[in-house]
Amino acid sequence: MRDIWQRLPTRGKTFCLAALAAAIAAPLVADRYLLSVLILVFYFAYLGQAWNLLMGFAGQLSLGHALYLGLGAYTATALWTLFGIGPWIGVFIAIPVAAAAGMIVGWLGWRFAIEGVYFALLTIAFAEFTRIGFDHLQITGASAGLFLSVNSPGSDKWWNLGGGPLLYYYLALILAAAATLLVAWLRRSPLGYRWLAVREDPEAAQAAGIDIFRAKMIAMLISASMTAVGGVFYGFYYRNLFPSQVFDIGRSIEIIMAPIIGGLGTVFGPIVGAILLTPLGESLTALMQHFGINTPGAKSIFYGLTLMVIITLQPSGVWPWLARKLGLDRPRA
Amino acid sequence: MTALLTIDGISKRFRGLAAVSRVSFEVQQGDIFAVIGPNGAGKTTLFNMIAGALPPDEGSITFAGQQIQGLRSDQIARLGVGRTFQLVRPFPALTVEDNVIIGALMQTKTVHDAEKIARDTLARLDLFDKRAQIASSLTLPDRKRLEVARALATGPKLLLLDEVMAGLRPTETDRIVATLRDLNRGGLTILLIEHVMRAVTALASRILVLHHGAAIAEGNPEQVLRDPAVVESYLGAESL
Amino acid sequence: MTAITLNIIVQGILTGLVYGLMALGLSVIFGVMRVVNFAHGEFTVVAMYAAFLLFDMLGVSPLVSLLPIAAAFFFLGYVLQRTLVEPFVSRAEHEQFILLVGLATVVVNGLLLIFGPDARPINLPYSFDSYTVGSLFIDKVRVFAALGAFAICIALFLFFRYTRTGTAIRACADNLTGAGVVGLNVKQLYAVTFGLGFACIGAAGTLMATIADASPGLAPAYTLLAFVIVIIGGLGSMAGALVGGVLIGISEALAGFYIQPSMKSMFSFALLILVLVLRPQGLMGRRL
C-alpha cells in the first residue's frame, strides 16, 4: 500500500489529498440536488473500477455487467423484503451469488476458447436471459418490480441503509475510494502483471508461465463481486427494482462509459470519466427542463455522440492525456 | 551426463503437410544444441511442440524425467522451459521493464524481487537503458533481445531460442553469442534454431539438421557440417 | 404432430426467413471486414419506419418500396463506411464496438424523439388474409415477406458467386494482404460490402414492417436477435444466417405459443449459449 503512495509524483499526492478533502467536506456546502449528482459520480466511478478490472486490465470485454449488478441488487433487496435480513448481511450473500454467475459465464466462455466479440455476446446473452427470467419470477415481483417499503420495522435505521442522502453520499465515496485503492494495489501486484500480460498477448503470457484461464477467472470473480456490491447500493438507494431496468443492456453500457471515456486500463480513468460524464448528463437534463423540453431521448443522444467523438479522437481516454497536461503522470524511471 | 530433454519420434501434420515427421533426439544437461535447416523445414513447429503451443500427433517428449507432451504451454513453462517466438511477441503496450517483470514473476512471488531480476536480466542484454520505453516502440533487434530477456527472466532450465539473431548486425550477434555462452557456463541448457552459421558454429556443441520435417543428420558441428546430405540440402542452397 | 403445432412451425419458418435476411447483413459485414455492426437492429427499425412513412403518406405498399429502400440503405451503408467506420477497421474490437454502440444509441433515441414510443402498424388490405392449405392457415403478409426475403438472399448469393465485385469481396475476406497485392481497391470493396449489409437491413426492415409494428423499442432486441442468429448459424457464413434465422423463427414461434410470448427470446438465448459452448464457430461456420 505504501508503495502505491510513494509511486505517485508529488503533485499527484497533493492532488489526491485535496480531492479527497474536498469530497469529504462537500456535504457542508452542497445542496440536496448537488449531493445526489455527486452520489452518482462516485457510484459510476465505483462500478467503472469494477468493470475496468476485467476489461482494462485483463482485456476481457464484458457487455453484460448488468447481470452482476442486478443479481446483487435483487439478492439483497429480496432478502430484506422477504426475510428482514439487512443489507450489511445481505451483501455477503449477494456477492457469492453474482460471483457464481460470473464464474459460470467465464467458465463457459474461456474453457471453450470463446474470445473477443464472441465472449462479449455471451455476456449479453446471459444478462438478457436473466432479465427475462426475473421478468417472470413471481417471488421478486416479476416485471411489476420489487419495492422496499419505507415503513417496515427497522427500515429507517442507518444499519439497514435507511438514512438520508448523507449516508448514501459517504457510502458511495467510501466505495469509490476503496475500489480505487484496491485497483491501484492490484495493478502493482503479481496478479495485475499477469492480467496485463493476458490482455496484451495471451499466447506469450502462457509462454511466460501464466495460467491464462485462471487469471481471467480471478479477474471475473473480483469484478463481478465488486459489481454486486454496487448492485446492493443501487437497490437500497433507489428502493425499487425492475428487471427491465436493472438487467438491461443499457445498464451495462452505462457502467462501461466512465472507464472508456476516462481511460481503459488506468487507475484514475474511471473516476475522471465519471466526473466528466455524470454532471454533463445532469446539467443537460437541467438545461432541457429549463427550456421546457421534456424528451428522455435527448440525453441518450448526447451520450451516444460523446462516445463516438471520444473513441474517434481520443481512443485511449481522457485521463492519459489530462495527466500529461497536468504533469500528474508517473515520471518514467 | 544425463539427458535434460528427450524427444522420441514426434510428428506433426498440418492438413496434408508433414511439418515434422518422427524426429528423435536428446539434449544433454548443460549443452548448447542447435537445430538448423532450410525455411519451412519444421524447426519452429518442433519448438512449438516442445513448448506445448502445439500438441504432437505422435511421439513423446520427456523433460527433466517427466513426460510433458499434452501439457499446456504455461505448465511446461513452469517446469522450466523458457521460449522465444520467431515472430517476436512482446507485450506491446507495456514498458520493456514490465515485459521482463512478467517473466520474472514466474520465479518469485513479489514484484519487488521480480523488478530486481528484471533489471539484472535487462542489463545482461543491453536493454537496461531502454527499460522505460514502451515495447512496441523498440527496433526489431531490440525486440528480439527483449524476447530473450523475458524468457530468461522466468529462470528456465532449458531455453528455446528461435532465430534470435536473424537481422542483427555482426557485432550485435557477437554480443548475444557471448551472453549466451556466459549463461551456458552458469548451467543453462540452450536449444536454439539459427540460420546465422557464424553463431551456430561459435556456440553449438551438437547440431540437428531438419529437412522437410525429417532429421537428416545429427552430431557435433564438424561431422554435421561436412555431411554431404546437409551440404546439398541446406548449406549449398544457403551459399548460392 | 398436431395441426396447430404444424401451423406454428410454418409461421416460424416464414418469419425466420425475414430474420435471416436481416442477420445476413450482419454476417456479410463481419465475414469480410471483421467488424460487428452493433447498430444493426437500430437501422432495421429505421427501415421499418421508412416503409411505414411511405405507406402512410404516399400509400406505397412495402412490397413496392422494398427495392428503393434497399437501394437507399445501400447508399447509407456505403457513406457510413467511408466516413465513420473506415478508420476503425483495423482498430481494437472494443473501439469498434464503442463507436457502433454510440451510433446505435443516437439512432434509437433519434427515432424516439421523432416518432415517440408508440408502435406504428402498416395496415395492408390483405393484412388479415390467409392462405389455406389442408389444415394450414398461413398469413398472406408473412408469405410475401418470406418470399421477398428469400429472393433477396438468393440474389446476394448469386452476386457473391458470379460477379467480379462479388468475387473480389470474397478475395478480400479470405486474404486481405493478398487482395491488396493483386491490386484490389480494398477500401472501395469494404464500402460496397457495408452497403450490401445495409441493403439487407433496408430490405429486411421493410418486410418486417408488414409483420411487426415499427417502434423504437424493437431496435436493441433486433440487434440481439441478429447476433443470436449469426452466431448460431456461424458468423460470416451466408447460408448459416438463413438457417439460424429459420431456427430462431421456429423456436420463437413455438415458445411464444406454448409457453409465453414474453419468454420467447429466453429460448433463443438459451439456444445461443448452447451453440457457443458446443460449437463456437456456429452450425455452418468454419473454425476461425
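The letters A, B and C name the chains in turn, as written, and every chain counts its residues from 1.
Here is the rule we use: a contact is a pair of C-beta atoms (placed from the backbone, for glycine too) under 8 Å apart; a residue touches a chain by one contact, two chains touch by 3 or more.
From a predicted model like this one, the values you see are computed outputs, not experimental measurements.
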| item | value |
| --- | --- |
| Number of steps on the shortest touching-chain route linking chain A and chain B | 1 |
| By number of C-beta contact pairs, the top two chains | A-C |
| Whole-Å gap separating chain A and chain B, where each centre is the average of the chain's CA atoms | 43 |
| Length of the line joining the C-alpha centres of chain B and chain C, rounded to whole Å | 49 |
| CA centroid of chain A to CA centroid of chain C, Å | 33 |
| Chain A residues touching chain C - in the complex, by the definition given at the top | 55, 61, 63, 108-109, 112-114, 116-118, 120-122, 124-126, 128-129, 132-133, 135-136, 143, 249-250, 253, 260, 264, 295-298, 300-301, 303-308, 311-312, 315 |
| Contact footprint of chain B on chain A as seen in their complex | 188-190, 193-194, 196-197, 200-201, 203-212, 332-333 |
| Contact footprint of chain A on chain C as seen in their complex | 36, 84, 87, 91, 93-95, 97-99, 101-106, 108-110, 112-113, 220, 224, 227-228, 231, 235, 260, 262-263, 265-266, 269-270, 272-273, 276-277, 280 |
| List of chain B residues in touch with chain A within their complex | 51, 53, 72-75, 77-78, 82-83, 85, 89-95, 98, 101-103, 105-106, 109-111, 114, 132, 150-151, 154 |
